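Think of it as A, B, C, D and E in the order they're written, each chain with its own count starting at 1.
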Amino acid sequence: MEKPLNYSYYPGCSLHASAGEYDLSTRELFKALNIQLTEIPDWFCCGATPAHNVDELLSLSLCAKNLELADQIEGDVAVACAACFSRLKTAQHVLGESAVKRKQVEKALDAPLKLDGNVKHLLEILAKDFGLERLAAAVNKPLTGLKVACYYGCLLTRPTDVPNLDCVEAPTIMEKVIEAVGATTVPWTHRMECCGANFTLSRPGVVIQLTGAVLDSAKAAGADCIMVGCPLCHGNLDIRQKEIEGVYNVQYGLPVFYLTQLVGLSVGLGSDKLGMDAMIVNPTPLLREKNLL
Amino acid sequence: MKKKKMIISQETMDVDFVRKVEALSGTSVRRCFQCGKCSAGCPMATFMEHPPNRVVRLLQLGQWQRILAGRSIWYCASCETCSTRCPNKVHLASIMDALRKLSWDAEGASKESYVQLANKLFLQNIRTYGRQYEMRLAAVFNVKSGQFLKDLMLGPKLLAKGKLKMFHSKNKNMSEIEKIFSRIEAMRKNGEAL
Amino acid sequence: MQPTKQNTFEPKIIAFVCTWCTYAGADLAGTSRMQYPSNVRVLKFPCTGRIDPVFILKAFQQGADGVLVSGCHPGDCHYIAGNFHARRRFAVFRKLLEFVGVDLNRLQFSWVSAAEGGKWVEVVTDLTEKVRSMGPMTEFKELAMEEQWSGAINTPELQEAYNSI
Amino acid sequence: MSRIGVFICHCGENISRTVDVERVAAEVGKMPGVSFSTDYKYMCSDPGQNLLKNAIQEQKLTHIVVAACSPRMHEKTFRKAVEAAGLNPYLCEMANIREHCSWVHENKEEATVKATEIVGMMVERVKKNRVLPTITVPVTKRSLVIGGGIAGIQAALDIADCGHEVVLVEREPSIGGHMAQLSETFPTLDCSQCIMTPKMVDVANHPKIKLYTYSEIELVEGYIGNFQVTIKKKARSVDEDRCTGCGVCMTKCPQKKIPNKFDQNIGMRTAIYVPFPQAVPNTPVIDRDNCTWYKTGKCGVCQKVCGPGAVDFEQQDQLVVEPVGAIVVATGFDLYTIDEKPKGSPIKGYGEFGHGKIPDVIDGMTFERLASASGPTGGKILRPSDGKEPKQIVFIQCIGSRAREKGISYCSKVCCMYTAKHTMLYHHKVHDGQAYVFFMDARTPGKSYDEFWRRSIEEEEAVYIRGMVSRLYQKGDKIVVMGSDIAVGVQVEIEADMVVLATAIQPQKGAELLAQKLGISYDKYNFYSEAHAKLRPVECATAGIYLAGACQGPKDIPETVSQASAAAAKVMTLFSKDQLEREPIVARVKESGCVGCFACKKVCAYGAVEEKEIRDRQGNLIKTVAFVNPGVCAGCGTCQATCPSKSVELDGYTDEQVIAMIEAL
Amino acid sequence: MTQPIDTSIYAAITEAIQAEAHRILAEGEVTAIVGYAAARRKGSAQPIIITDAADSVKLIFTPACVNNLAVYLTKAKKDIPKNGKIGIVVKGCDLKALSGLMGESQLKREELYLIGVPCAGVLASTVCPDQELTGDSIAPKCTECDAHLPTGCDFVPAETLVTPELERKYAVEIARLEALTPAERWVYWKEQFAKCIKCYACRQVCPFCFCEQCLCDRNKPQMVDTTPRPAGNTAWHIVRAMHLAGRCAGCAECERVCPMDIPLNLLNRKMAKELKELYNHEAGFEVLDKGPLNMFTEKDDQSFIK
């Protein structure tokens, strides 16, 4: 047995609120895979989109503060939320490039910067650190027959050279992970189109248009469900799915899983440990049909 | 404003503003050669009166008033598609960030209020609580924007699913966050940061 | 080129063309797989300037029902000005033929460049159709059949004597 | 009795699909004179050609007809094969049964009949074909280069460096051309004079280059390998041999206010002058129109101060004849002006830009002189009207170029780059100024060109505005520029201190007159025409004459230099042999029938027809007849059609051949 | 209509010619003179070549002096350099032919001594030579004459001509034929050409038919049918007209000598008319560098070309 993997864990605000099932399933899955997650004590909000939208310095400072907090714990920083992941990575990138901004942030934090921590999204940990072969070996209940549309959204891969998670225009990391646990993936057109998360509060009309297009594409590609790695995307695809169906008078019925939920299912975790009941679009019929419950 | 004739001279081209944008965004504005790829891929272009390429073009000519008067910058989804695909490495998403920042600094900013309100509340929440509390954010937004019934249908369902938490605990080191905010304010006052 | 079907007249068309423009244009019509009537026979010359009016006369005498002369557009001549000389020569010659009673509908001149495969097809098709509707060119053929007779055969006696030869 | 071999090609299925080739071969086999007739899948393939060669030898064939594709395609191929088999290549003809038959007809019966007739015609024709020996012409290994700009200089140096004498003729008092006028050159911004003057000096010092400046081509006679060129040396009024170039005459000349053409008329010169200090040769010229001596008969100061006594008021124009074997034409370009053009002119001016009457609206070349360290302002950018430094400067591209309405539809190719260069030069010289450029497209295909253009925007802060300018007008001491930014979609107005127009490149004035002397063709703009736009871009249709530089079409310096070297290489190719070989399709005079009316001479566009006296043994003139110089004859045959007695015949297209074909119908 | 034409000055002209001929022969300025002399039939005239000054009294000028003497020069041109300058009596129409020949390098002006005669007209070949010259008896070519007074000659008798306006006989006939359909014209010319006996008198008399070997006599290849049959005759007359187009000076000798009375000059006049309309060319006294069919302009009519 190899030495267990250790990470400091940055859940982010959503996972402590609307995306509780993502937090739950992450913790359960990693426990099952014998990966150590230690939540960063007293982490702050990363500032998310609103902060960088209007105040980059604040955004950078918040991220730097969180990285400083994470530095107390051994191991790389594991991030579940794609938005938090993007912000932390961006902060590292920008502060690495600009001496001026680095000085400003140091002054804001009144402390030297500690940016060395390796920020990793869960996908990266599963696919690279843990490894696809080990993952496949850990499977108890392969997701055979489940056709998954992997949705990357904006922030997992973009922009070039910042998250460096995978190819910026044609990533495959989600597909690799979910195929490793026995599911089938569908090729589809809107894997990386924006869902409009930034406007979920202020301009829901925009969200309905953009998310509707994503759902259309997944449905047209013949997917049974959508898999995401971002609570904001999830919020739009899952929570607003009914509303969108109403606006456009269509039926999607596409359950939207977090990647940890599906992988967790494959390693044999029960739906209670995966927070399946918190999903707005009920996944039970689908999972029953595929003999996964 | 949109169609008004542009009188171009060294006086009317605000080079200082452009420099600020370049400093904040860390990207060159002059580099853009107006190929239009940003506008071609922008998911929000149809909602904007100045498509992304034109925002950069106006910026090149130092015509920031025209940009800030419009809603375009507030309709940017920050999806980073433009930055990713720009053939000239113009980081347009960062330029948009910078423009929004400068819009808040400038007088007579955009009419667009909902997005700005959401942003303001979000930042206030962070300053007050250190983290984001969605329920509170949504509720206050609806009150302040006068859309009391917005997303009314979603509320109970989310509560039932445990997605909106009524209660939350404050961070133990809240003083830290307030310090960061106030230090940044002080730096700006002293002209140490934009 | 005998009539292929009964009661249909297939005219014989002779085309005198320059090699640089019209011949190349006809080649282009070929490479573009355009279709046109098979009645035309092409004689290649270096330049329209080389084409002697006597050839046209000779062609009619040899039984051509229509004659086409075609070369480079003005200014395009590979030999600077051959087509300009040809233009004058033929402007005058056609007037002469017209004066002695040749129907000029049987004699077509055109400029067809190396790029005008389509125009070649159009010119050849038009001339073929026109001549087909006019019927055979009988004038020169009849002359060739006739015996020498000094003066008009304008009395019954002469006609009788003529017929007896 | 001829033994004709006929070879019908299937061309895969291209011919055989619509033409019954076997039937054609059988029918043709019955024709009189045909002793061998066959068909084959691919005649042009190696086995096909071998079939042809073997048949010639085995069947003792005397004439060949290959019925296949267009002769434009494979006539050379088959003639070569025939030659390899020991026959004269001109005893082989092609019958075009593909492009003119199988590809254009669908009815197999019709196509087969037609193919048979086409082959029959060619059989009758080939019977009349004669053995034609290849023609050889002697070559004079000296060349003439017309024009002493960078193209002419490069071509002359290249040829001379190969050891052949070059006669370089320049119309102006000095070589150097337009390039000598430029301040810096794109895309490296090195100073034009710095790279140009060494080459000019090389020309002056080269033992193989004979330089005629202030000279023009008067007459060109002869043909490839054997030209006689008459050069008019205009009277310089200064003895080139005596003049030491000390320049005292110029300092003493009382006429000092003559606009200098070299400085685009913004700088002044004296009546006795060299156009610019680095001129080659450094021998002054007296401008007789402006010289007090020539106008009044008084003055003569220059003559008095000239130590060596070089000033010669009596000097006359001189005619010199130079024999050369090849000619490189490198006469360069002129710049379009926006001035009002005479009524009926195909080229129009820009009334909307004030027809050149607004003093601070200048052209790019004037800007070059302003920016040039050795120019009239010593390299300072100053407005012509009041000598002030312009702080707002507007450049407008595509003036004249790409403007069908103005009569020019082509792109002048260099303006995008030189305008970018101008913005940089301006930015370097006027730090607090702002340059604006109105443009439609930026055309920068060239090594390091686009980077250069981008630099002008990204680093040198030029503001490029996509959209053309509608109108310019003077308002106080400003020029109002009314344009639009099509990227924003609004009108744009700039009050400029100076406006620089990137005017179109046009051929030199009088280019068509020189072309007529040389017998080369030119397009509707008077740019000289190359023999083939892609495959013979350096040669003229007239043999022995080559093109270099902008006289053929707009070009920048690297391109001009490349073409000049290419032209030199073509000249060297010609000079590499003592004798030139050419296709024997030329006209020949039958002296017995010729009565010397010289109609042939009158219609020959090449001047190939000469008068030849025929004398008896006692030397008495019997008659004067026409003679066709086979070196000059291009083989059009216009002479033959014109000759009343048909005493001149074009080999390869004789009346016998033509009549045989007509009679075969 | 019998319009009388005043020929009273012809006697004075004859005297002047004789005097001038005597002078140039006596002074050795020329070695021979081609002129007209009285022939045997009353009133008729025939060409004569005199080499002796004493013979100059033989020279006359009367309405019967119809021949174009230029033809003798083209046949004799080779001998001129050997024998010396030749004098020739020319009417306006004859001078046009000489100018044309000079333009075609057949004659040199400096080898000729031109004695021009003012001419009110000559008699038609179809009337007796002793008749009065009238609007009826005048040669058809003279009805269209625009060259009564030759210019540029070495000597012209100073007599004043009176030339009445006459109906232009060829123009009328051409207009009549042009109004017909092509088929009708074909019938007309077929009848005319059918009469031809291929005697080639037209060729022989024409000053411009100076080729040593006529195209129509060649048989390798035989470009023009040579047989004296309708087909060959038609070909001959078409080729002849074409070869004379732009050159013919309008002396109408071809028509005069034709034993079968074929209106040959009609073809020549028609060509002249077309050349005038197309290229503004007319035969004249001026020696041209290039004939109208040996030159071009870029703007030439091409309305007939597709």
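Convention: a contact is a pair of C-beta atoms (placed from the backbone, for glycine too) under 8 Å apart; a residue touches a chain by one contact, two chains touch by 3 or more.
What you are looking at is a predicted structure, and each value in this text was computed from that prediction instead of being measured.
Setting chain A aside while every other chain stays in place, the touching chains still form one piece. Listed here as common contacts of chain A and chain D: B. Averaging the CA coordinates per chain and comparing them to the mean over all protein CA atoms picks out D as nearest.
Most remote chain with respect to chain A, judged by CA-atom centres, is E. Across every pairing of chains, the maximum count of C-beta contacts belongs to A-B.
Look at where the CA atoms of chain B average out and do the same for chain D: the two points lie 60 Å apart.
Put simply, the C-alpha centre of chain C and that of chain D have 38 angstrom between them.
Averaging Cα coordinates per chain places chain A and chain C 83 Å apart. Here the CA centre of chain B is 101 Å from the CA centre of chain E. Looking at chain C, residues 52-53, 58, 81, 85, 89 sit in touch with two or more other chains. Chain contacts: chain E has residues 215, 223, 293-295 touching two or more partner chains. Taken as a contact graph, with one node per protein chain and an edge wherever two chains touch, the assembly fits none of the named shapes, being neither a line, a ring, a star nor a complete graph.
Inter-chain contacts occur between A-B, B-D, C-D, C-E, D-E. Within the complex, the chain D residues that touch chain E are 128, 592-599, 602-603, 620-624, 642, 644-647, 655-656, 659-660. Against chain C, in their complex, chain E makes its touches with residues 177-178, 182-191, 194-195, 197, 215, 223-225, 228-231, 234-235, 237-239, 241-242, 245-246, 260, 267, 270-271, 274-275, 278-279, 292-298, 300-302, 304-306. Interface residues of chain B, counted against chain D in their complex, comprise 2-10, 13, 28, 30-31, 33-34, 53-54, 57-58, 60-61, 63.
Contacts from chain D toward chain B in the complex involve residues 391-392, 434, 436, 442, 454, 457-458, 461, 463, 465-466, 485, 487-495.
Partner chain D is touched in their complex by these residues of chain C: 1, 4, 12, 14, 19, 23-24, 26-27, 29-31, 33-36, 38, 41-47, 49-53, 55, 58-59, 62-64, 78-82, 85-86, 89, 121.
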